[in-house]
């Protein structure tokens, strides 16, 4: 199956990347529609979603392998109905949603008929410490009244619902138990989509965008609470484990794509008559180092996925932190080497490299910057040596 | 003077960067016009151009110091009439242009009334070996007939003339003596401006763009030859020496800007109540390493400039190669650290960081990639040990 | 079993390291004798040797795991009868030795009653190209007459035999088929042990030493040929595959030891009253990075071992090259970080760190330097893209 | 003069390095005696000492240049009477010594008739915070009674006096004002030379050694106080500024020596018939990178020396911290590349490389580890941004 998916991505999906690079999002989503139908026809849709909810029901390891293959193209996950943040939201709804919530939102989300977003990050607070949060929600009769300011709300543009993280509990509760998740329809009164944030020169649109949001006394019914009151961080944590596997495997797919382009370039670019770029030892160093680093990344991530499948997220949490910064670092190195191998061409939008270079720089930042994950890993290691730092 | 220029850049020029980040080039150039007039009024215009031709006539070292200050903003050089590729073209015209050529082109160029471009790089050939070139020019009566394909022709959009490098001599002449420079008015028959190349998601416009060009039996008068026949590479080489000083000092300006932003962020971003980001040792490492690397860069470049001022380009050529890759590397490190320090904000166009990050990645590529300069330096070193490699 | 071996190494072997650090080799080998007997008693002796020849007959993967545990101490492999170069020589004798050769040498070698060495590297030729070799052997009647100069002949001091690589075939044979292996008793006429080479200030002795050797018309019986004439490189290649697994797993053991020491130091060194060194983020970065790099190394090496066990050395040869340079690099980083964490103490012989630091620097050099392995990997990758470089 | 000194070092001093590598210290010092006499005869003795006290009286910049040239050999500074820790002790005695102290110690020290050491570092406390110190001295009548434990007391073996740093003031005084310097003759009662610490496998001897010391109620006359009571750290700080210039310039000398060896090796080592090692691009990268890093180092250090000459240590303190970690890092990189270029030969004591590799690893540790200096630089930078971290 993986081999067939790989071929599909390379033959059917990759040719549409030009529209992405040309920033034509409307044309792009129209062009991808037939591919999504074809994916559904072949039974590859929503690989991470349980079968009863309309997906393939793959375990983490198999989905990881598929994630790498989809990640070959920036369009892959979208075409397969496996795109963030819908994938994570579906997971949360499946596990914690009430019957009514599932009925209203889950089906259309899985089917790809609507899109969703996740409102967590706030510009005023460091992402490294998610428990510090200013957005609040208080019950006023049978409604939540939400006030707050979010940004990097991925894919908010055109989405139908936003799962908003807001502080609902008081200071008498420990920090980790103060926030809750609330489903906010995007057309709710007081929900303001301020702007698509221009990122690396490109504000994107639709699924391929990140927004700034304001909640000005935004009101939603009390039953829109998702899970328990105060369970927001616990659910988010649960969501992050598999989410990082998805990210890491997607990054590995990107790294493999960049690696392939680097090798192709090295094999075909003439630097003097009859002498190919690949004959230069510096390029050879980059190829060899990239090869081993990507392979090491894949082993680490799949091993972590296996651990999660077997023992759950909690027991694998240290490995999850470790792969987050390790694979993000490998990705950046490989992208940089591949770009350098392409010379001036690598700077242009004539290849997908420059898209990866500027957008995937964020890999070292979102879901916790490298520096935070390193500290987390080290602290756990040192605890075993009897010291809390 | 440098201090005044610095203040002017920070107070007057920087506030206009928003238009650049919003990709509004027409608005931008209109907005900058008053600043350019003010610069002329203050006597700071065209610092690198000799006094007799309308500039400040600074030596390389002083211009280097000013270049750093102008480089603080991506708009700086343009506002001061010191922007590439006009600066280099003015230099070439001054030194090698005929009286007629100077009369027609030099004045308006120096005055900033027209703009120019330089057609050297070709997509089919590695920039690492500039003597391999496909564009040809042959004399047909009293006209040059030029055929070729160029790209990364910076600022071609809206320029009035292009100095085109083309092979005019036959195989009987050694490689380095085959090409000549020819002045081609942009409205010449057969001169085709194909496109502004989209670079890192942004095709730019006007001065801030890079074009792909075709010369289809493009005809210009024989007297448009600039300098001697076959002297193209020699002139280009001459042009590159000071050009690299300009680039390096501009990069140092950018690095200082990124450094300043990193420190500001570290000093003001709260990571937990009362604790600033700058208290983290990783951030401190980045600040300390960046500080010393930027300082080392400045000393190296100014020392090279002094050497050129004193002994000429040829004697300083090894230092010129060395600073090219060294400073480009420092620039990339500092940009990367500063971006990481900003977290998600660094990815956005809310600051100038992401503009630098994606556009200045080219520093390691243009004017010869790092790898070529390293080989050049090493070969010269090894020659002193009696071996030619 | 691995756990028991680990405990044995830490409790029984490590305490003897002081003698090694004090350069007292005679005292050391006497002190280790009882441990070797105990190892034999427990059935852990010669883990890599087939059962029929007196070892444990472990597959590569299991032996790899045990190799890591033995590698915790520089004395480990010796205590377990698994030390290079005897281990490799035993492998070669087992597979290619004649009945007579086995009878004379194999038993005592496996039993650890005698020691052996392997004469391949020559000071006059780059190790990166082993087929360039000056040592020759010609048949004179029923004797080989060998002339040559070898160095880095590990453990020659006190060994009973040396397997010498010498050119026996003429220029009409391709380079890879010119050399043969010949068993040379160390007391053979013309075999000169010139010196133990002082390495990083320490010439060592006995098993823990590396010698320079001369063969001055050294004569041995014709039947001392090991394997076929001209098969020298083929056999050496065969030997190197598993040999690299052994090295890599030993390095991982060393890296784990250094990691453990780094964590211990971080957990116990007070930098100000009540504040431990491990609270510094730089140290935390080192711990986290080391943790993930060591784990990645282990996965890569065990996966390669599994591949060799399953498909043979030839099919795994690219992975073998990859782990060689990757793990050697990780080892050096981890050693360096651990040493820096120890401050001045790390420079002393009061811990085993400085022993590792200076002796294991060679990991990036022997059995092919990093640079050669990178080129090998890259060339194989590029061959798949249709280019030979 | 510098050129003559350079030639003298290369022709006269370098040939004696074999004795150092063979760990024969008695033979070594005897062999160097005639060289020291010759240096005195030529007027090059004690370049850093003021003329009135018997030296050359060079300013910091000139002495820096000479320090680089002397640093070419590990024997250089000793041969020129400029070796640490005597050089620093002479400086302190000159500036802070009483007339009686000068009379007794200064002359013989400058003349090289006796040697001295400096007792500051204690094994129980992190060198990163020198104000935490356990050694105490209390006045008992007209004698100081000193108790403490020191290590890394360089050149203690065979020295005549030790300048000991000890806490003399109580907790009512701020930390920085608690310690004093006291001159302790090595034959004082209660002064115990415990051992020469074996460092990287080598305990050294005489000048080339580092000792562990105990002071067991060691008694010296009250007038042995050097400078004011409580002025210990202030004097030490004063001493460290120029001391770091000396270290850095010596390191640059070492780096140049390693660079020269790397180039020589690259130019002469054949890797296949007629092809020199220097033709490999990886080696070329190392040569180019090393060249520019060493040049940058020299500029930074000489600029700092000039600043100290002009404005004093205090104003240059940030630059002093910066060069400390920057140059130590460059040194380690260059040594490592040079060693790798030499292959197995680089591991041996057949060249001076392995001596540098193991002993100069300490450059990143002593006089404050890299990490401390980086934090110091960053904190000063951030203070200008209004935050104290």
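Letters are used for the chains, namely A, B, C and D, taken in the order the chains are written, and counting of residues starts over at 1 for each.
To be clear about the criterion, a contact is a pair of C-beta atoms (placed from the backbone, for glycine too) under 8 Å apart; a residue touches a chain by one contact, two chains touch by 3 or more.
Keep in mind that this is a model prediction, so the values were computed, not measured.
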item: Third chains touching both chain D and chain B; value: A, C
item: Reference chain A; chain at largest CA-centroid distance; value: D
item: Whole-Å separation of chain centres (CA-atom averages), chain A against chain B; value: 37
item: Chain A and chain C, separation of their C-alpha mean positions in angstrom; value: 44
item: Chain centre separation (chain B, chain C; CA means) in Å; value: 52
item: Multi-partner residues of chain A (at least 2 other chains); value: 280-282, 285, 371
item: Contact set on chain D toward chain A in their complex; value: 280-282, 285
item: Of all residues in chain C, those that touch chain D in their complex; value: 21-23, 121, 123, 126-129, 132, 151-152, 197-202, 269-272, 277, 280, 282, 339-340, 343-350, 354-355, 357-358, 361-362, 364-366, 369-371
item: Chain B-touching residues of chain D, taken from the complex the two chains share; value: 263-264, 266-268, 276, 278-279, 281, 283-285, 287-289, 291-293, 295-297, 299-300, 303, 322-323, 325-326, 371, 373-379, 381-382, 384-387, 389
